[in-house]
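Data block below; observations after.
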Amino acid sequence: MTALFDILLLLAIAVAIPGVINRTRARLAGRKGIRFTQHLSNAALLLKKGAVYSPTTGPLFRAAPAFYLGSALVALLFIPVGELPAPLSFPGDAICFAYTLALGRFFLILAALDTGSSFEGMGASREALYGALVEPALMLTLATLAMIFGYTSFEAVFAAARTFDVQLTIVLLLTAYLLVKLLFVESGRIPVDDPRTHLELTMIHEVMCLDYCGVDLAMIQTAGWLKSAALATLAANTVAAVCSFHWWVAAPLAVLLAGVPVGVVESTQARNKLSRNTTFLLTIAAMAAIVLFMGYLVQQNIEIQ
Amino acid sequence: MILSLTILYVLTLIYLSITERFRNYASIIALQGWILLAVALLRLHALNWAELGFILAETLLFKGIIVPKILFAVIRRTKINRVRTSGSSQAHSLLLSLAALAASASVSYYVADPSVNMVFFGVALYSLLSGLILIVLRSRIFSHMVGFLVIENGVFLFSTAIGVEMPLLINTAILLDILISVLMLGMFLTKIDHEIHVDDADALTNVKD
Amino acid sequence: MIIYFLLSLAGAALALAARSKRFIALAGLFFFAVQFGLAGLLLGGGRTGETSALFFRFDESGLLFYCLLCVVGAFVFVHSKAYLKENPLKEYRLYFCLLMLLQTAIAGVYFSDNIAVTWIFLEATTLCAAGIIYHRRTAQTLEATWKYIFVCSTGIAMAYLGILLLCSVAEGGSLSYGALAERLRTGNPLYLKIAFLLILSGYSCKMEIFPLYTIGVDANFAAPSPASALISTGLVNAGFLAIFRVYRLMAETDIFGWVRSVLLIVGLLSLAIGALFLRRTNNYKRFLSYSTVENMGIVAIGLGIGGIGVWAALFHAVCHTLVKSSLFLQMAVVRQVYDGYRINRLGDYLSINKVGAVGLLLGTVVVLAFPPSPLFLSELMVFRGIFAAGKWWLALVMLLLLCIVVYSICARIIKLCYQPNQDELHPSRADRALSWSALALLIAAMVLGLWQPAPFRELITVIATL
Amino acid sequence: MFLFTLLALALASAAIFLAPQRAKTGLTCGIIATGCLAAAAKAVGVLFNPRANTRLWQSDGVLFGPESGSMDALSALFVLLIAFGGIAAGLYACGYLKHYLDRKSSAHVSLHCLSLTVLVFSMMGVVCADGGYTFLFFWELMTIASFLLILFDAERKEVVRAALSYLVMMHIGFLFLVAGFVTLWQQTGSADFQSLALYYGDRAPLPLFLLFLLGFGMKAGLFPMHVWLPEAHPAAPSHVSAVMSGVMIKTGIYGILRVAAPLGGEALYAAGLILLCAGIVTGLWGVILAAAQNDVKRLLAYSSIENIGVILIGTGIAALGKSSGNDAVALCGLCGALLHTLNHSFFKSLLFFGAGNILSETHTTSIDRLGGLAKSMPLTALLFLCAAAAISALPPLNGFVSEWLIYVGMFDNVAGGQQVVASAFGILGLALIGGIVVLAFTKLYGMVFLGSPRSHAVAEAAEADNLRIAAMALPLAGILAVGLFPQGAVALVSRAAAPLMNLSERSTAALAAELFPESLRMISLTAWLLIGVIALLYLLKSRLLKNRTVTEGPTWGCGFTSPNIRMQYTGESYSEGLQSIADTLTKETGEGSAVPPQEIFPSAHAFNIGHKDRIDTLFAAWWVELLHRINIHVMRFRTGKINHYVLFALAFLVLVFLLSLLNLI
């Protein structure tokens, strides 16, 4: 029952985040902005359409969106919101979470390559590279959480997560920060990728689904929302672990943590040069390593002056 | 007496290292044969006909007469009568030969074992080394053969020196072996001269990889 | 023994007097009847250890190598008949006569119990072998023959000096190995050293190890391949046995350590020479004989290690006999096919002569001491000895050299078997039977590698006990 | 034992050589299958019946004294693995060799078949021998058999070169093993693996362990010694590559496990660190170079190296856990390593079989010439896709399970606060490897099977025959079985892990029982859930699209009016991003000439780019060069002059004289 509620909550978060992002952007730009649920109606519109497939593509291209969305959905099942239990939870589910996301990425990349278009190949290669570089950062962050709380499953971690120790708080906040950064990358946002650019040469995630339309496109977009929701919730839980730890804190926090920074960054910053992205990602990984080490030191009660 | 003979023998060896004329080679070999005969006769303890006959056969007949004859015959047939000077200069060979002499002398002194006659051992070693040196330095096939004969003589000298009484059968067998080998050497020497007309070991280098 | 010699000589004489090739075959039949008769007598009668005709003794080592000699000799004989089909009768019968004489002389070396007699028979082998080498009557063979006789005689003379030294140290008396061993114990070490050195470098021309390995290679190159099969196995074993007997003499004395280290040097140098020259030579027969040099180097190293190394050395020599003769006989077939041995021209043998090519490949595997090769066992034993003796540097050098050997031999044989053929070459058909018979020797070696019958092991152990 | 080997060899060779050309492969397959099935039955008996008789043979070794062969749980696992790989390879060979039967001479084919048989059974001998002479014997037999197998296309020069470098490197490794066993024998009087514990007990264990590690690492493809793999695999025919890469290099892992097991205390900790670092380096090196390769088989070869790295990481973690007395971690690591060994044999065989199909149908393995094969060879494409997903450790397939186990081991360490730094490094390495593997295999699959064909020959490719498809279906079954029902597989490997844990089999089983089943059930649940959800979504989507207009239109060319096939993204450009980071590991080799800028109407240009290993000349080339140089000097010695012949003797006399004068000898 609570698990079902947890899922619904996550879905709500997933739906809410893009709205918040749009709102923030609009506010900062001084506009009134589009409807909060505009993206939903877009998706609904897409769902009504038919489909056009390139003759180059094969069955894999048609099946890929299902894989992408399906993996995102399953990955969502590992995520607890606050103290609510996750539907799927067992020691080591963190790893399962990461690799399930990888499954989706794998198939999306292959689908892009299936079109035989040079631009989509370009996007695919970037996506693959960035995915490869994100992996260690994600794993290290999860390892940090595991180390601090002494468990290897999300639910156990966040169930045990109660701390008012200052140093640990710092570490946790840093972890959350890392998670947010990972969210930027995973959901293809500025500064790594610009979802609203119109030059295919510089796209990453968007260019991969150039040949998708209608239902497929809708599925892919939804999958994107779910992924960011998952990561956002993780970040929110981490932050919530510091202060009071309840779902009614964590859920809105997740929406804000994902939405506001993305909005702010997208309306204030410019996109990275593509060649700088690798550096950016490696920096995240390095930070993750450092945070883990800090956490280790804190654990050993070694004073950091 | 014996000592003087051996010294003479050594002198022949030294001379062998500096001379260049084939006739000298041949005559030196003959001379060595005679010296060996003398030494053998002198060391002959009891008058034992069989042994006497053997010694006569080996030294007089074989070393003293047959071998020089073969050599002279070869010289006459091949019409070469001096080593190529490009082989190596006399000074070198002389120096080497003297070094060999010194080495063998020092070794034999160093050993100083009652069971073996020092002088003869030294001489034998020296003749072995000088024979090898001759083979290594000279580049005429003929001189190679002479070197081989020198070694043989040295060995024989040693064998007479240390009175190892080998059974007559073995002695004769050894004699036969050496004889046949020398004969075959001569035979092939002439063959080579007939068929590929080289008298020079440098020309005999087709068989390699 | 005397009877044996007389009968063998009679066989040789028959061959020489033969009027037709068929008659020679009969003579060969008679000859090998004699050989195998003796072998059977010795194996069956259990007369091992008894002295015959004053200077000969049927000891285990002689017996072992003699049996090998008989087998290899028979194969060589059969192959020679096929190999020399076209030759005129004169050369033909001379060749076979010399072949028989050579085999008899080798047998004499094996069984002689007297150091001087050993020497005599070794010299005799030189003379017989020379005739065989000169068989083709070309300039090259003439040159090879000249070198062979000359260097062998020189070496033998050196060895004779060494023997005389031994005798003098032994202060006269009988020259049978047993008696010598008794009296050498108290000999002057320096003399013994010099004597051993001279004998080793003298006999090295027969055993085809450093320093006088070169003429062996030349001889194998010049002689007809079946004959080279005999020269580089039977004759090599003769040299090995001669050295081994002296080695046993030395084992009693207190310079044994020195002797062993000298043997180590010799073996290592031979191995190095074999390994390095294997890569450069471009004639398959020289190639095989360099591999003989390399294997004999391993044998010498085994002797140098001592202990289990001696066992390994003997085993190695025995199995090498089978393997190498088989390879040389295969090469004879190759010669029939291509009418030449130039490495960089031959190729595609696998599709021309299946059996022969498989035989060659297996032979390569076996001679490189990969299982199921007997050499695998012996080389492992040598390595065990080396590591046990803590000579890591030696193991390292050997490892490097063996790798080179593996590389070069494989490269060459693979080229012969697989690489496409030169087009101006017109391979003729090969005789399957010959390839099969050569393969038989190899298979015997493999069986020996997988399973050594207990009496065989016993025999080698008896020989190896110094 | 050896008598038996002799008999078997004789029979097999006789049968194969006498069989008619057409029947040879079938006969070989039959022989292998029967033998493998018998061995597998025995192995299953050993695994599931603790009281089964494990002793196989007893032989009196001449080298190290009496020796024996036995099959404990670990050996049994490897025997199963070998049997599986052997049968699949034999079956595949039947189909693959059909094309060659009329081109190659019968002796050639028979030799090949015989070597294949010998290889399979010698590997069984290796994993069953208790060490000493028997082990070395089978080890070398395995080497020579694989060497002959590589030589199948020996007409090509590069094949010969690859085979030779392989042989030489194996020989070097073999000598290390000999040294190790002799040292062992010298100190303990027996050269069996059992006596290792004795040796480790009272002497410094690390040197011996390193000696063995070098020896076995040479076969397994440990980092500096991996250079033979990418040479040998492209040279060998595909079923051979499958056996060698899927099964044979695992014997190296087996050896490492055997010699690492009896370690204890400080040494165990050190060994764990060594193995972990070796694993990380090997894995990263392998995977980065795999991503850089432009040849299917080279890529697969490098990915084998990477998988060896993963296995070693697992082993290292296990050793670390054991040294800190944390049996849970140790078991996780071990089970992960063993299971990954098994899995790798599955998907790597399948991948190489696929490569074989590609090669025999399109006559090229260069990634940038292929493309769009998914349409012409759909079955191969499907099987290949499964294997690629599995090797990228994606749920719901088997690769994920094993890597998950290894991860869990490391996470447990981290969560338990033990050896955090080492484990963190392990996690970092494994994660990076996992990420890049996805890149490498999306490149492989995408460029080869997707898009549109880059040449006509490729466009006209046809599907492989059923025999080969059947042979590929075997490993697929394994992949799915392990992926969807991990409980059984892990139970199996945990039994096999027992001899290495130094715990009794029962206690290990108990530990495994209280450790795994819960989460494993969840994992298989997740797997099924994934499949279900995806299938559901797909059905949903097709339901939606059923009564709507689904039309065909050209790929969006981004404004290009006439995009052509050559404009597709190539494998080279696909991995360029990674290259720009990791260019220090590889050296770029370009043949041909690029189009110069001033050439306005470019004529035809051929440009072939590739990425070679920085250290591929470590074992292969330098000593050949050295040899060449030495030889040039050596040539001076052979003048063929008698003078010099005799000079040798003189020089030798002088040499010995001097040496003994200086008391050097």
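What to note about this one:
Letters A, B, C and D name the chains as they come in the text, with residue numbers starting at 1 for each one.
As a working rule, a contact is a pair of C-beta atoms (placed from the backbone, for glycine too) under 8 Å apart; a residue touches a chain by one contact, two chains touch by 3 or more.
Just so it is clear, the model here is predicted, and its values are computed rather than measured.
Ranked by C-beta contact pairs, the top pair of chains is A-D. With centres defined as mean CA coordinates, chain D is found 36 Å away from chain A. Centre to centre, using the average C-alpha position, chain B and chain C are separated by 31 Å. Averaged Cα coordinates give chain C a centre that lies 43 Å from the centre of chain D. Centroids built from CA atoms put chain D at 68 Å from chain B. Under the contact definition stated at the top, the residues of chain C that touch 2 or more other chains are 147, 150, 154, 158, 277, 280. Shared interface positions of chain B, defined as residues touching 2 or more other chains, are 132, 135, 144, 204, 206-207, 209. Chain pairs that touch one another, listed by label: A-D, B-C, B-D, C-D. Across the complex, chain D meets chain C through its residues 2-3, 5-6, 9, 17, 62-63, 105-108, 111, 133, 136-138, 140-141, 143-144, 148, 151, 154-155, 160, 163-164, 167-168, 171-172, 175, 178-179, 182-183, 185-186, 623-624, 627, 630-631, 634-635, 638, 642, 645-646, 648-649, 651-653, 655-656, 659-660, 665.
Chain contact summary for the complex, chain B toward chain D: residues 129, 132-133, 135-139, 144, 201-202, 204-209. Remark: chain C residues 55, 114, 116-117, 119-120, 123-124, 126-127, 130, 139-140, 142-147, 149-150, 153-154, 157-158, 160-161, 164-165, 167-169, 171-172, 175, 187-188, 190-191, 194, 218, 221-222, 277, 280-283, 286 touch chain B in the complex. Chain contact summary for the complex, chain C toward chain D: residues 147, 150-151, 154-155, 158, 193, 197, 201, 204, 210-212, 214-215, 258, 261-262, 265-266, 276-277, 279-280, 350-351, 354-355, 357-358, 361, 365, 370-372, 376-377, 380-381, 383-384, 387-388, 395, 399-400, 402-404, 406-407, 410-411, 414-415, 417-420, 447, 450-452, 457.
Put simply, chain A touches chain D in their complex at residues 47, 49-58, 60, 63, 65-67, 69-71, 73-74, 77, 88-96, 98-100, 102-103, 105-106, 109-110, 113-122, 124-126, 128-129, 131-136, 138-140, 142-143, 146-147, 149-152, 200, 210-211, 214-216, 219, 275, 278, 282, 285, 289, 292-293, 296, 299.
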